[in-house]
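Accompanying notes for the structure given below.
Per-chain numbering from 1; labels A, B, C and D assigned in written order.
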Amino acid sequence: MNATISFDSVLHVVLALVGVAVFVGLNGLLLVYAERKVAGFIQRRPGPYEVGPQGILQAVADALKLIGKQLVRPDRADPLLFWMAPVLAFFPVLLLFLPLPFSPLLTGWDVNLGLLLILAFAGFNVLALLLAGWGSNNKYGLLGAARAVAQSVAYEIPLLLAVLAIAFQEGTLSLSSIVATQGSMPWQWNIAVQPLAFLIFLISALGETNRAPFDLPEAESELTAGFHTEYSGMGFGMFFLAEYANMIVACSVCTVLFLGGWKGPFLDGAWWFLAKVYALLLAMMWFRWTFPRVRFDQLLNLNWRWLLPLGVLNLLATAFVMKL
Amino acid sequence: MASIFRTIADLWSLVVGLAITGKEFCRPGVTVHYPRAEVTPESAASFRGPIELIGLDKEPAKPRCIACMLCVSACPSGCIAVTRAPAPKPTPEELKAIAEAEARGEKPKRPAPPKAPGTWTYDFSLCSLCGSCVEVCPVDSIGFSNDIYMVGTKREDFVFDQLARLARKAAARKAEPKPAAKPAPSAAPEAAPAPAASPSETGAATPASEA
Amino acid sequence: MHSADTLRSRPTSCPAASADGGCADDQIAGDGYTCRFERGARPESLILNMGPQHPSTHGVLRVLLELDGEYIVRAEPVLGYLHRMHEKMAEVKNPAQFMPNMGRVDYLHALAWNWAYVGAVEKLAGIEIPERAEYLRVITCELNRISSHLLWWGAYLLDLGAFTPIMYAFDDREMLLDLLQLMTGSRLTYSSFRFGGVYTDASPAFVQGVRQFVPHLRSRLPMYTALVTENIILRRRIEEVGVIPPDMVTRYGASGPVARGSGIAYDVRRAEPYSVYDRFDYEIPTRAEQCSMARYMVRMAEIEQSLRIIEQAIDSLPEGEHMHPKAPKPSFKLPAGESYFAVEGARGKIGVWIASDGGKTPYRVKLRAPGFSNLALFAECARGTLLADAVAILGSLDMVIPEIDR
Amino acid sequence: MTPETASVTPDVLLAPLDPAYLADENPARTGLRWSAFLAADALPRAAALLLEAGWHLEDICGLDVREGLAAVYHFDRMAAPGRLAIRVMVDRDAPMLPSIADIHQGAEWHERETADFYGIAFTGNPNPAPLLLPEGMEGYPLLKDAAARAPLAALLAVPGREDTVLRKAEGFTLLEPAEDAKPAKAAKAKPAAGEEGSDNA
């Protein structure tokens, strides 16, 4: 880390954190709305429609409702762990946005270990899910938490392997440098060089963010709501926001690593970055409303039997090519 | 090795699925958006909604019902309650005749109660819409309405005074065919435009005016 | 061996309950079923009450599970949350008055129950039915079977985590309900068969609607197959899961798609031919795999077979009355005697046994619900599977709780 | 189950159990193919023989009649359809029957249901808890008042049933019409039901 800690840089980070919080909040609303509209259109119904024109304020109304609701804690739940879990799920995610390069200028904290930072802080999420499941003293919650831990731990490995392949290739862990080395045209992006790593990353990201078809920690037809069975009001709201925030981070990292970040065929800028992130998010929603859920052992099998060996092979191949 | 290829082929099914949902995404919705769009009248026509009384051809505000009570006994849920209309008050001449008859020690000839219901209440909250009453009615005085969008906020909303309902409906129908013309100064006073009249008010819609 | 006394008194809510209703310390609090279940459980296992409010127990079924991790060591369904004592109601109402109940036993295939009861009464009282009514019964009952299978299909996919198929199924089902509304006046709890015929005659709109619907649904089925049946995730979820060997089918008296999914070509429409089913050309789909996928495939094939039956029936719909002129009045008295009438419902063999002493109301009516026997085998079938498999197995049995509890 | 066992009729199958009554019925009239009266203690043996021959249990119906309680077991075969009703009389004062749930596992729930409705105890049922009715509920809903009970014969032995009695033990009087069994009414209603009943058009 070469940045000397000055007042300026601290101010920059604080401002960035505020900006990120606003960004995450707004995106939470937007994505909830988008998710429901996508579901509606895929299922040939209008989706949210009544609150505001085309139901655009539905997410706001929902958020207000969640904020206004009483926070209920089950009688025998552990108060500390129970309330810590949603906080722990949500706030560390904000940090993950700091190193993301939205554009060459729009970066919260341009550190040369940005990738590492994201991967390190992403681990907090699983802790939060574990605490939520354990702390709520609910059997479904416990099963969900157990699933969450096994799933997160497993899927972090292929994720890392995919990321490592890019890091090998680029020789840096700074996200903005990774974008900088990619060209403007789609065939100059890393996805053209590393399609396998991209696929592994995408699937692992679905697993890491507990999105369908890998939404096993909360699989509602099996575990009612899994780890957040007992949460109401904003307790649930925080998990909800954290899930969407995690999705944005995962898609952002994917954009940076594989899709050329802020670069595009014309007019480079943050809007290219956002367009790619939202396209990936839409794809994630598309998956959710199309596929059935996998079974837990299949989820782990997919990881250990397919993604992990493929990731290692890919890494070896990358290393071999780089050596040449 | 073969299994690897098969797995890859299997994964194609996921792409096919995505293509289908993607295609459906672009097609227009199919839901009927209720307050803005309603089920077509043709579609509602065959719907068996809460039962209603059917009026006489000549006097649509008066039911064909002869208060035979067959529907009351046929109903599996006991949701129909009918009482006979009371006998009309004897006219002065009849009163005189009765008094004379009594004086003679004969059985006086009192005016017979009309073959018509005095009250006709129906509790839709108990009804299972089986149609037993419609089928047993000897004078075809009961039919299904096709009221699809009926709502209520309390149980009492679904206890209907059918005579009042019939009168309201008849009045509404009377007003309908000539909307341009000034509504006839209601032939019957109870046919006044009171669409949400309370049952008790319109209960007087069919006083035993036969006598 | 228990003495007669202890067996006659119903068990109290909890064998280990203290005076204030609480359980002993070493037992998890719960009602009698949980406490009884608790005994003999391994100390390290997890006792989980799945239901009565659970997204995939389809209503209010409760399943007590003993879990080792996510593996099911033991399962015990607990019924009765939707019990309405239809059999008692049958004893206090005359046959015509009991008919509305038949729309509410199995609300997904109400017309089959209509038919079972009407058939039993007609058999007992020797009531004849006009041919046109027989055809109309076949057509509406088969339409209803399709609507039941479509709803099952959507709900099953919901159990397996796919949210969209149920909406597509409802899209098609809505057309079916429109058609059935034309014939019966209702959209779900039909009470439209009558002793000696059917409630309404088929209108030209109905006949035309059915003719249009058959090719429409046929054209939709390939989409269902491509979206769901061939989906690799679905296949991996339900293939070789919940294997029910034929001997298990016999031991539990299971029927319908559960039996046919185990390779037993048993269908009441063939085994005890009733009405005019023997005039139509259709197949009894069976699968040899015995797993959940086999039951899935059987139901999907049955939709096609039902379409075939409807097509033939609507083409050969005879003219005539829809009610027999000598059909009895609703208040008629059942003659003394007994009769058992079985029909093939969407879930299997529906049987109605009526015993009458010639009084105003039947002396005893027994409703044989197919789901009751089908669900009974769940405990044995789910042993050793994963929790997610239990959901897949429950769904593949196609339960309708009101029918099971009656 | 082999094709040979599938063709064995219940009269041969149940012969070793010495049924008090066994009749060949007309399914067009009653939906039954055979009916039999068995002693309670012969029930498990009968169930085992039937299972071996490929029969499955359809349902168990309790019945409250003047002679006591009764249970009717309906069996059917998938390979060669035909319904068999096995009737067993139960003592009203000590209503007990042996359970067949260890043979036909599906019987467990049917027995528990019958226990709920009639208070018949099935000894040997693996889980004799209430099935459909709540725990601790008083009374048995399908039991009838003494005045409302009909004799068994009024239900099962109406004239014109056209069943061929294959076996009848000495002293088996359950199906003899009782004096006050309203036979006139039954007889009047029956002729309307011709050979071509409702069951096959």
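Definition applied: a contact is a pair of C-beta atoms (placed from the backbone, for glycine too) under 8 Å apart; a residue touches a chain by one contact, two chains touch by 3 or more.
Source: prediction; values computed, not measured.
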When the mean CA coordinate of each chain is compared with the mean CA coordinate of the whole protein, which chain is closest?
C
Between A-B and B-C, flag the pair that has more C-beta pairs in contact.
B-C
Rounded to the nearest whole Å, what is the centre-to-centre distance of chain A and chain B, using the mean of the C-alpha atoms as each centre?
57
Hey, how far is the Cα centre of chain B from the one of chain D, in Å?
46
Between chain B and chain C, tell me the centre distance in angstrom, where each centre is the average of that chain's C-alpha atoms.
33
Based only on mean CA positions, could you tell me how far chain C sits from chain D in angstrom?
24
Which positions in chain A touch two or more other chains at once?
42-45, 289-291
Interface hub residues of chain D, defined as touching at least two other chains
none
Would you pick out the residues of chain B that each touch at least 2 other chains?
14, 17, 20-21, 24, 30
Should the pattern of chain-chain touching be classed as line, ring, star, complete or other?
other
In the complex, the residues of chain C that touch chain D are 1-2, 4, 7-8, 10-13, 31-33, 36, 76, 79-80, 83, 85, 87-88, 91, 119-120, 122-123, 125-129, 131, 134, 249-254, 259, 264, 266, 271-276, 278, 333, 335-342, 349, 351, 353, 355-359, 363-364, 366, 368, 372-373, 376-377, 380, 405-406
Quick one: which bits of chain A touch chain C in the complex? Just the residue numbers, please.
39, 42-45, 139-140, 142-143, 212-213, 215, 219-224, 288-298
Show which residues of chain B lie in contact with chain A when the two form their complex.
14, 17-18, 20-22, 24-31, 33
In their complex, what parts of chain A are in touch with chain B?
38, 40-46, 49, 286-287, 289-291
Which chain B residues qualify as touching chain C in the complex?
10-11, 13-14, 16-17, 20-21, 24, 30, 43, 46-48, 73-77, 128-132, 135-136, 144
